[in-house]
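Order of writing sets the chain letters: A, B, C and D. Residues in each chain are counted from 1.
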Amino acid sequence: GRGGTILRTARSEEFKTPEGQARAAEVIAREKLAGLAVIGGDGSYRGALALHARCGVPVVGLPGTIDNDIPGTRYTIGFDTAINTALDAIDRIRDTSESHDRIFVVEVMGRHNGSIALEVGIAGGAEAVIIPERKTDMLALCERIREWQAIGKMSCIVVVAEGAASGADVAATITQITGLETRVSVLGHIQRGGCPTARDRSLATRLGYRAVQLLLEGQTNLQVGIGDKDEVIVQPLERVLEGHNVPDTSLLDLVAATAH
Amino acid sequence: GRGGTILRTARSEEFKTPEGQARAAEVIAREKLAGLAVIGGDGSYRGALALHARCGVPVVGLPGTIDNDIPGTRYTIGFDTAINTALDAIDRIRDTSESHDRIFVVEVMGRHNGSIALEVGIAGGAEAVIIPERKTDMLALCERIREWQAIGKMSCIVVVAEGAASGADVAATITQITGLETRVSVLGHIQRGGCPTARDRSLATRLGYRAVQLLLEGQTNLQVGIGDKDEVIVQPLERVLEGHNVPDTSLLDLVAATAH
Amino acid sequence: GRGGTILRTARSEEFKTPEGQARAAEVIAREKLAGLAVIGGDGSYRGALALHARCGVPVVGLPGTIDNDIPGTRYTIGFDTAINTALDAIDRIRDTSESHDRIFVVEVMGRHNGSIALEVGIAGGAEAVIIPERKTDMLALCERIREWQAIGKMSCIVVVAEGAASGADVAATITQITGLETRVSVLGHIQRGGCPTARDRSLATRLGYRAVQLLLEGQTNLQVGIGDKDEVIVQPLERVLEGHNVPDTSLLDLVAATAH
Amino acid sequence: GRGGTILRTARSEEFKTPEGQARAAEVIAREKLAGLAVIGGDGSYRGALALHARCGVPVVGLPGTIDNDIPGTRYTIGFDTAINTALDAIDRIRDTSESHDRIFVVEVMGRHNGSIALEVGIAGGAEAVIIPERKTDMLALCERIREWQAIGKMSCIVVVAEGAASGADVAATITQITGLETRVSVLGHIQRGGCPTARDRSLATRLGYRAVQLLLEGQTNLQVGIGDKDEVIVQPLERVLEGHNVPDTSLLDLVAATAH
């Protein structure tokens, strides 16, 4: 038997059906897989649990999303890479944002979650960050923008999580209220690709190593994650699926404080 | 006297007025500048000619736009960097574009010009490129997309120059005609920043070196550019301003041929 | 008064002399600096304490070295950037390391410390990592290399911290014992530059924000660092200077386990 | 039949023997290959000609080396990528080279050829470039270095092609003559990997497209290359193998002129 294989079917529509799961179970039996390590989020974990229920193969989950939105781990595999990609985009915009009377709006990923927007906003020195977890007072933001213009601040970048608003809408609102020109960049799936950072690869290596150990011990229905003290932690997948991860919105105050 | 300085005023609104030019002329006289090397496009060149007319200082222009749209040079300084930036974005999208039933639309810069879209489309292996210089038959494109889907092609990226259409409009049309999901990325000013490539820096060094030589010889109202045989060439700024640069649209056929 | 300024003199030889410190103290008095935030390591911290003793200006230290070798903080500012730079180099070598009968030796920084070598070794999947903190049995390593060759492993990269041995010496030893060809890359100061990663910038923003708060409160002789639970922690500079930071050498076992 | 396949055997020792070529010819016959496009240099081209002589399959060569050392093309596929990789390394060194009394020596690839060293030296603003094509007067270079130190020049980077000298030897000589500290980076195989630049990919696409056209026409023993006017040109492989490509050493004068 081989351990730690990733079934490509995990993302397919077919796999969500009983027939699809039956086919996956057949593959597992035919290949005599000793266990299954699944990298992903909610959907992958539910699929893994269904497979285990159906054919008894041990399954262990590794948290892999770019949104850092999985309970039972401080960081997900992919988050650091996505942030660095978005940061690179913001750096490039900053290069030309100075010496112009323009507001730059950058829409980043995060359908239900402002984690990427917050982290990249702080690292990139964004003047404002708009996230789904907290309502943004656009009038107050535009007031601040006008103050910055008045004191000669040369550069203004607003980061928006797609789950809060579209970049185009935010830009239109700012132009309507302030009369200033805006430029929009929408990163979209650019954030999903690219060569992973050292941190993501180190995390994946450590979690993967532990997942294989657990599978070889015959343990199942678990997630391996990274804890608050940077140690590998293990939780039941069921509990992970019930939980909910929220970003530290107090970081918004840090954005506000450093935007002056 | 010092040669080869760049006046920051060249991009300002003030500089387009006689008063602004008068102030610039004062600075030139006060600093005893031997000459002025201006990097930019049409606007910068007109400003340089106005300054020369006003105060007699020798001026030489270096073609610096990301759009490769300046006559009298095969490449502009900044074009290669912009293409590599856009290519990196496309590579990242390609990483996740496979194994999904989705069309990815990437809007790149080029308000009047499809040069960036064409070059990045070929280098990145885009399935289609939409540019302002040639009308795109959207029905025919959607027909091809459906054929690709039918034969199991896993990945489809459409590059659009902003001057031809917005990425959002192209995506909406594709979804409407084919019923397929689309995802849009809008690069915007991301393409204007970043560390320049070797090619752009080598080009700037060679052109700058020649510009300084010309200024020290007291020559004026000239552009230094790169010729068809990679040699430095010199043309009157007046002639550059009258000319018009067009991309090689035959490259569209290469895109079509390699998209299969 | 202004807070949080960095004196350029902090790295100079002159500054280590009483005269140099007197000059720095004059600048501080003349500019009416409210406090001094120093980014660096041992030398910078000793300079900061000397300045405080001389002229009473509050000083706060931020740990900034690429080696992650400062007590009182889990990570130093610059470490993540250095690792990602070295990782990029290793990725490029890996691209061509397959399908050749060659051993690649990469010498990374770390004069007294194997932190960079360990982290980049794990993230980059190095086959072996040589650090100053633990003696490497070169005969045993060469034995493993011969076994890998025997089973057809296509690629072998050995990472060496400069403090343990020179890359050239390690390569010569491997060639002598195994008869295999070796290729050496010495990263040197390449690791000290480049645009900082999101993590390093986020860390610097958080620590810098806290440092300014402390200085405004009139506190002094402190280091702000990042704790085990990712919280900002504060320690006396004296205690930091007495301490000693060691990397987690158990990571060597992870390297060995994943090298198969 | 399929066209344009690349045989992995092209780099193998076995392939240089009649037996190896016989095996390759069998594969070609069995797979009914319509033709063979070979990317590489001298060795690959000789192998392609041998295969054609043995089994009559049409062969076309594409120039692919990082050294830009193949006749019949202005640029080889891979050269632009290698230069940009080396340039990134030099940029990172430059970041920390200022404000120190140190000379940085960077050894780049180029066993018989200074092309990479020259191009990266100009693009990266190296203070000196040492290549195999022209003898460097080390005493004169050290004299210039001392003058730069005397006038307060903060940064000095010397680029060395491996074919001219080792970086370690150059550094030792500079330290011996000037008494200044030196730091060495040896890029080695770092330059061979990485994601190709837009220019290299565009070049490969254009040459590959033409190669396939030629093979489909049944033409053979040809190289496709890029000409002086950026057009695709075709030459007999025999003539390419007899030729010799030399870099434009007049660029050394440009390095000298811009190093002040």
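Assume a residue touches a chain if its C-beta (ideal position, glycine included) is under 8 Å from a C-beta of that chain, and two chains touch if they have at least 3 such contacts.
All of these numbers come straight from a predicted model, not from anything done at the bench.
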- Message: So if I look at the partners of chain A and the partners of chain B, which chains show up in both lists?
- Response: none
- For the Cα fit of chain A against chain D, please give the angle of the superposing rotation, nearest 5 degrees. 180
- Task: Between chain B and chain C, tell me the centre distance in angstrom, where each centre is the average of that chain's C-alpha atoms.
- Result: 40
- Cα centroid separation, chain C vs chain D, in Å, comes to 33
- Between chain C and chain A, distance of the C-alpha-averaged centres to the nearest whole Å: 28
- Among the residues of chain B, which ones contact at least 2 other chains? 91
- Item | Topology of the chain contact graph, where touching chains are joined (line, ring, star, complete, other) | ring
- Query: Pairs of chains that touch, anyone?
  - Reply: A-B, A-C, B-D, C-D
- Item | Of all residues in chain B, those that touch chain D in their complex | 74, 80, 83-84, 87-88, 91, 119-120, 122-125, 195, 197-199, 201-202, 205-206, 209, 228-230, 254, 257-258
- Query: Within the complex, which stretch of chain C touches chain D?
  - Reply: 8, 11, 85, 89, 91-97, 99, 104, 167-168, 183-194
